[in-house]
Amino acid sequence: MNSSAHSPFPVPPTRAALMNCIDMALAEDLGPSGDLTTDLLIPPSSRARARIISREPGKLCGAVVLGPLFGRLDPQVSVTETIAEGGRFEAGATLATLEGATRALLTGERIALNLMARLSGIATLTARFVQAAGGQARVVDTRKTTPGLRALERYAVRCGGGHNHRFNLSDGILIKDNHRVACADLADAVQRTRAGTPHPIRIEVEVESLEQARSARDAGADILLLDNMAPQAMEAVMNELGHDVLYEASGGVSLETIGAIAATGVDLISIGALTHSARSLDFSLELEA
Amino acid sequence: MNSSAHSPFPVPPTRAALMNCIDMALAEDLGPSGDLTTDLLIPPSSRARARIISREPGKLCGAVVLGPLFGRLDPQVSVTETIAEGGRFEAGATLATLEGATRALLTGERIALNLMARLSGIATLTARFVQAAGGQARVVDTRKTTPGLRALERYAVRCGGGHNHRFNLSDGILIKDNHRVACADLADAVQRTRAGTPHPIRIEVEVESLEQARSARDAGADILLLDNMAPQAMEAVMNELGHDVLYEASGGVSLETIGAIAATGVDLISIGALTHSARSLDFSLELEA
Amino acid sequence: MNSSAHSPFPVPPTRAALMNCIDMALAEDLGPSGDLTTDLLIPPSSRARARIISREPGKLCGAVVLGPLFGRLDPQVSVTETIAEGGRFEAGATLATLEGATRALLTGERIALNLMARLSGIATLTARFVQAAGGQARVVDTRKTTPGLRALERYAVRCGGGHNHRFNLSDGILIKDNHRVACADLADAVQRTRAGTPHPIRIEVEVESLEQARSARDAGADILLLDNMAPQAMEAVMNELGHDVLYEASGGVSLETIGAIAATGVDLISIGALTHSARSLDFSLELEA
Amino acid sequence: MNSSAHSPFPVPPTRAALMNCIDMALAEDLGPSGDLTTDLLIPPSSRARARIISREPGKLCGAVVLGPLFGRLDPQVSVTETIAEGGRFEAGATLATLEGATRALLTGERIALNLMARLSGIATLTARFVQAAGGQARVVDTRKTTPGLRALERYAVRCGGGHNHRFNLSDGILIKDNHRVACADLADAVQRTRAGTPHPIRIEVEVESLEQARSARDAGADILLLDNMAPQAMEAVMNELGHDVLYEASGGVSLETIGAIAATGVDLISIGALTHSARSLDFSLELEA
Amino acid sequence: MNSSAHSPFPVPPTRAALMNCIDMALAEDLGPSGDLTTDLLIPPSSRARARIISREPGKLCGAVVLGPLFGRLDPQVSVTETIAEGGRFEAGATLATLEGATRALLTGERIALNLMARLSGIATLTARFVQAAGGQARVVDTRKTTPGLRALERYAVRCGGGHNHRFNLSDGILIKDNHRVACADLADAVQRTRAGTPHPIRIEVEVESLEQARSARDAGADILLLDNMAPQAMEAVMNELGHDVLYEASGGVSLETIGAIAATGVDLISIGALTHSARSLDFSLELEA
Amino acid sequence: MNSSAHSPFPVPPTRAALMNCIDMALAEDLGPSGDLTTDLLIPPSSRARARIISREPGKLCGAVVLGPLFGRLDPQVSVTETIAEGGRFEAGATLATLEGATRALLTGERIALNLMARLSGIATLTARFVQAAGGQARVVDTRKTTPGLRALERYAVRCGGGHNHRFNLSDGILIKDNHRVACADLADAVQRTRAGTPHPIRIEVEVESLEQARSARDAGADILLLDNMAPQAMEAVMNELGHDVLYEASGGVSLETIGAIAATGVDLISIGALTHSARSLDFSLELEA
């Protein structure tokens, strides 16, 4: 499942996903009266240039929002991306330059920074995990994303070199611990999901031991989620069951532990922290005098 | 501006804000076909109990979503809050218990955890800043919030003992650096905003030096935002200009520096990190066997 | 891939899908002034009973809309399903009975019938195809559904004993003829999609000959879509390539031909006509005098 | 009420109706991640030409969606209509050609075909009924349309040479059988609706016999709906009551019976099958190599 | 067209129209943070009673919003209507009493008063016109309504004893002066509209002279809009053309002139001022101590 | 608080506020079928010029809707404003000219007039109050606006030379009579609101006597709302308490009384009638022959 050679450039979010997020953010931040300060101080005809700058190094994600965001405020704003999406930058780097109505630049500043700094934080953290994994397994996200921003945060994971798990509860099957509490017979459970699931979707089962792994494999699971298992235990499973199924490691993955986990030969390592605990990078927008 | 004695319990978000967020999250996470795994495995008539547990200590925010969220999935779900909003808890604590349709509990699990863990992360970080400030100044948030979640994240700041700054660009006036680049005469700028702003709103001006602070005060500013100034420089401003205006400190505030900043006597200390860089707490939902 | 023994009852559409459809239909059919005729003639306090009747035999789908639809018009309406979803009925059968405000029964009549008659038409046609296939292959739908009604029409296919293909363009990979026109190297194409696709999703490739089938299989396809191939040609492909991949037959499937296609041993037979060309059944609502 | 000479070209749906339908269809078919296959295989810069072709003869309706639909995906797509809306075409005809971003053409293909094939199916069936009626009566639609598509399906009826009945329950009065069950005195009913109805709207009453027709006419009805009456019975009504009211025939109208019904001299013949049971035509989109 | 004896009670707006208006008003007036003053001062458990009082006499319209409005804020609020919709009241009258959460009563107060005072102002003005018309003609509204409130304002006209004209541009035909500027041949225009209009809708033509009236009648108009004609001129038209068509008087209608206009025998008198120039009545909500 | 010299031109509503209102009005007035009369009579290719004219003198507000409104109907319509927003005009004046598709001009006519005539009515009435106040106090609006039109009506007040009060319940604190009924201790109430309110927002308290005013000032109120007090009583308050707080007069303000109220030296005079009882001006749109 190594994909580096053929990996296309990260596919950006759909236009609908971008615009929904941007319009929600504009409604929230402009309020019913708009940007009072700017509208009272800056004449509509004023034009300016501005730069978006990072005060720390990282990996870029989110420049894709600049055009649609500032376009909502002024159709004439032009955006120049000086760092490509997914590209690395150093502290002090200019990430993009903007030119257009001064009002639009000032009014859109905070939303632009909020989105780019958050998404770049995710991409930067993802890239650290990918590097620590040493190219031996896919680093994948989880559903532990910010409500309303999943499409964008998944894109940030891709920009960081990671991959995506299922988007939501309707485009993947994952039989978890809590399902098994309520549904004792695993073989029956796998068959029931197989019978009712669109055929393009694989069946994944969460297991915590070799014994559970074997019964899940025997029941017909396509993917085994090895939950919170030590690297040696994972190796034991794979030695015993072979590689006709995919193996996903999950639980307690840190930058310190991911190397050993990847070395076991699992196909995928899923990490909730990519999206739920990345901190925003320190970006600012500077108007040119 | 000390308010501890009279501080009412944090006012929760409006029902509209809660439901917008919950419905957005449900649409995102259920997708067009709903929770395939659960619907195929669990009969509609199955009922269960579950607990929401924290694996680390913190301050709670977000239990307010449980009722409306699970109510969307099963009108019969009952929620018992075992820790109050704004309350402290230890590792291993049960935060709330749920009882109702097993399907609803499993389908809503991830959204509940995503929201509560994020909001509690913000409340917990805010509480640490409030404690470090020693009760001498209000700890306030900024507009550096997650797009779409501002109302909820501001509530998390309140649950942590912090206070809120303006909600958006239309309910406050803040003349910032970038405005002054495009608008040279500060006295004129303050008068123009005063003339066009609803009278219940105060005028705030960002300054970086005693000289700027004096000219802003003289121009009629109600609040001075002392941006990235050292504590001694802040003290110099307040000694010189007195306390007829409010002082807000901002920029480079950390748990290490906030004590010294608060000790200067500023009224408010605003901290973007409260919302843009808090990490989610480690919460889980456990179905009872 | 035989699933008859374990097939759970068809999972109904999500509440969101049902309510979106119902509210759209109500807005469309009530218009800005509501049901003028009924509101002018029937006092609000009048109550009545009504039956939904079929004038022809068939398989039922759509009773699931009755509760939510009439509930929008009168929270007190009670619905009794006399035929279960997915059940067979004869001409003259009473499908459901309703009791509640006369106004609600009259105002909701047309929407109820429009939805149930259409969905039951799809279920009935699907059941005929399933029967003609003789249980040897899954009968599956396509994306040739009515815009806005896909979730409901897929449910109708399930009620008729059929299965669903991918819901939309984002939860399945299908490399079609038109993609290959623009993307010559199939092995490269499969690798590129594998690299960028969430791992729970299988890769499907449309082929029109044994040669194409072999190259698609060699490129790593998980599913082969045998497009418009004669039964013998399909058998030749399966004899040659074996059953490590799934086979889906498509194109020119009719009630006359499906038996022979199913007999080849393909896993799936997809039929656009299930949803794009089913005619509505002849249902009516009769108020009891 | 003959209108052939002055009949203007069918008025297309409002832009709002078109865009609502298109945006609903795009959200449904693109899903949260968009067209994965196309986005992974086709570079954004690729451009192509495509033709929309019919495999069977018919009457066109729906080309009006092509511009707005593909414009949502690529503002640069150009559409050339080679057959006019309402025009006839033979099997194999090219209905329209498209040129623009390859991604847009592939991603929009299915929605374009779903809408055009359905609407052209309705237009084609309507044209057959209009022809069979021999120009002696208006062929009109009913409210038996697809939920959400009424505005478009009524347009398809117009493209086929038919006419429209009332749009919804608020822009027409039709006292039906079920109203009379609950509202015994017909004269009173007509007066009550007349008193409460905007004066531009005529009052229509459904009748099943000469006796009912006479009492409805005497009560002041403007239009009589002759429900399920034999042609001779209709003639008897018109002979007796004359043509100061309009007559609409309804119920059991087929291509075989419509000629005799039209010959009676009724003004209108309404046919639910136009919209509830037309099958989609067989259209395809072919990318040029 | 006299309808007094059979006139049913005014049909209220649809639930959708009411809820759209109420939810729009709540979003507008609560803002992102809700009712800060009330939420900070009043505990959630506090309950109270309140009365809605008028300081001037009038005719009531709008009590229908109280239940749905306060129900959005507190499902337990009970509303008692002490004056019926359409009923007269004196200065000082209690129009309704409310009991429930104090917060809900205070937060909903302004929206309740804004809507009721406006709608009652329209009903009161309408009643004055109806009385001045002496029961000889229908007093009807126009499309000169407040954007977004048309359904409610039409209801207010009905509560005042008036009637409604067409709701919007799609449920009536009115060939006006500006149409005739661009469309010279009136006979052709009437035929074209007849040909393209659903048959339940009558054709109305605006005329300014006997000559125009005659040509419109001859062209087949069903209703003549006598625009800005003196009463004698109207009588001359009706004497000449008889009463096979309906006559609507419009333009320059005041409380002083309506009596003479009604005495001419026109069927309808339409008055824009009913909705565009009624002033709100002076209502207040008083919390009981 | 005199602001005449620096008052910038009235800031128009946000684009979101304008488009929400325009789209709501278009949906309401076009209905599901659009402008039947115009679409049937006027060919799409016809172009025309039109003028918007006032039959009475006034102050203009609302020309800002013309571009976005007609742009929704025809992107090619050009609008020329012959009177500036906020400008005075005489009877017979041409307010704006339009050129574009005849269909667009006729279809948008009523919405354009409804909005402009209403907003100009508010601006005109406001200007009369401002003039009568003699420049000595700000004339401010209230929350007694039309549901859904608050942003536009506040703009009309600004165009008339008035100022705005808080937009809604979440961007201002106003402790009113009804709050004090439920919350006896005023000093405690002011402290509680101060503690929970974002610091940019001032605290306003409604008082009815010198005694109440003194206790509110002592409790820390920033603004005193002098409710229904005689001018002499207001003067007594200001003499006693001085001008460290702002004074707002409210209640029973008419064109006759405002002069005396303004002469007392209050800072603000708020008048509900500006928005709840202004009548629409008499505007018309004339197509050029």
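Letters A, B, C, D, E and F mark the chains in the order given here, with residues in each chain numbered from 1 onward.
Simple rule for what comes next: a residue touches a chain if its C-beta (ideal position, glycine included) is under 8 Å from a C-beta of that chain, and two chains touch if they have at least 3 such contacts.
Here the structure is a predicted model, which means the values were calculated and not measured.
Engineer: Can you name the chains that touch subunit E as well as subunit F?
Structural biologist: The common neighbours are A, B, C, D.
Engineer: If contact pairs are compared by residue number, which of B-D, E-F or B-F agrees with A-C in over half of them?
Structural biologist: Checking each pair in B-D, E-F or B-F, only one repeats A-C, namely B-F.
Engineer: Distance from the CA centroid of subunit B to that of subunit C, rounded to the nearest Å?
Structural biologist: The mean C-alpha positions of subunit B and subunit C differ by 45 Å.
Engineer: Averaging over Cα atoms per chain, report the distance between subunit A and subunit B in Å.
Structural biologist: 23
Engineer: Do you know which subunit F residues sit against two or more other chains?
Structural biologist: In subunit F, the residues touching two or more other chains are 8, 11, 28, 30-34, 36, 39-40, 150, 167-168, 170-174, 192, 195-196, 201.
Engineer: For the complex, which residues does subunit B have touching subunit E?
Structural biologist: Per the stated touch rule, the residues are 8, 11, 13-17, 150-151, 154, 167-168, 171.
Engineer: Taking the touch rule as given, give the residues of subunit A at its contact with subunit C in the complex, in rising order.
Structural biologist: Going through subunit A, the ones touching subunit C are 1, 3, 5-8, 11, 138, 140, 163-167, 170-174, 188, 191-192, 194-196, 198-202, 204, 223, 246, 248, 267-268.
Engineer: Any idea which subunit D residues touch subunit C in the complex?
Structural biologist: For subunit D paired with subunit C, touching residues are 21, 24-25, 28-38, 40-42, 46, 48, 102, 106-107, 109-111, 113-115, 117-118, 143-150, 167-176, 178-179, 181-183, 189, 192-193, 195-197, 201, 273, 276-277, 279-280, 285-289.
Engineer: Could you list, by residue number, the parts of subunit E that touch subunit B in their complex?
Structural biologist: 26-27, 30-34, 36, 39-40, 72
Engineer: Which positions of subunit D touch subunit B when the two form their complex?
Structural biologist: On the subunit D side, the touching residues are 28, 31-32.
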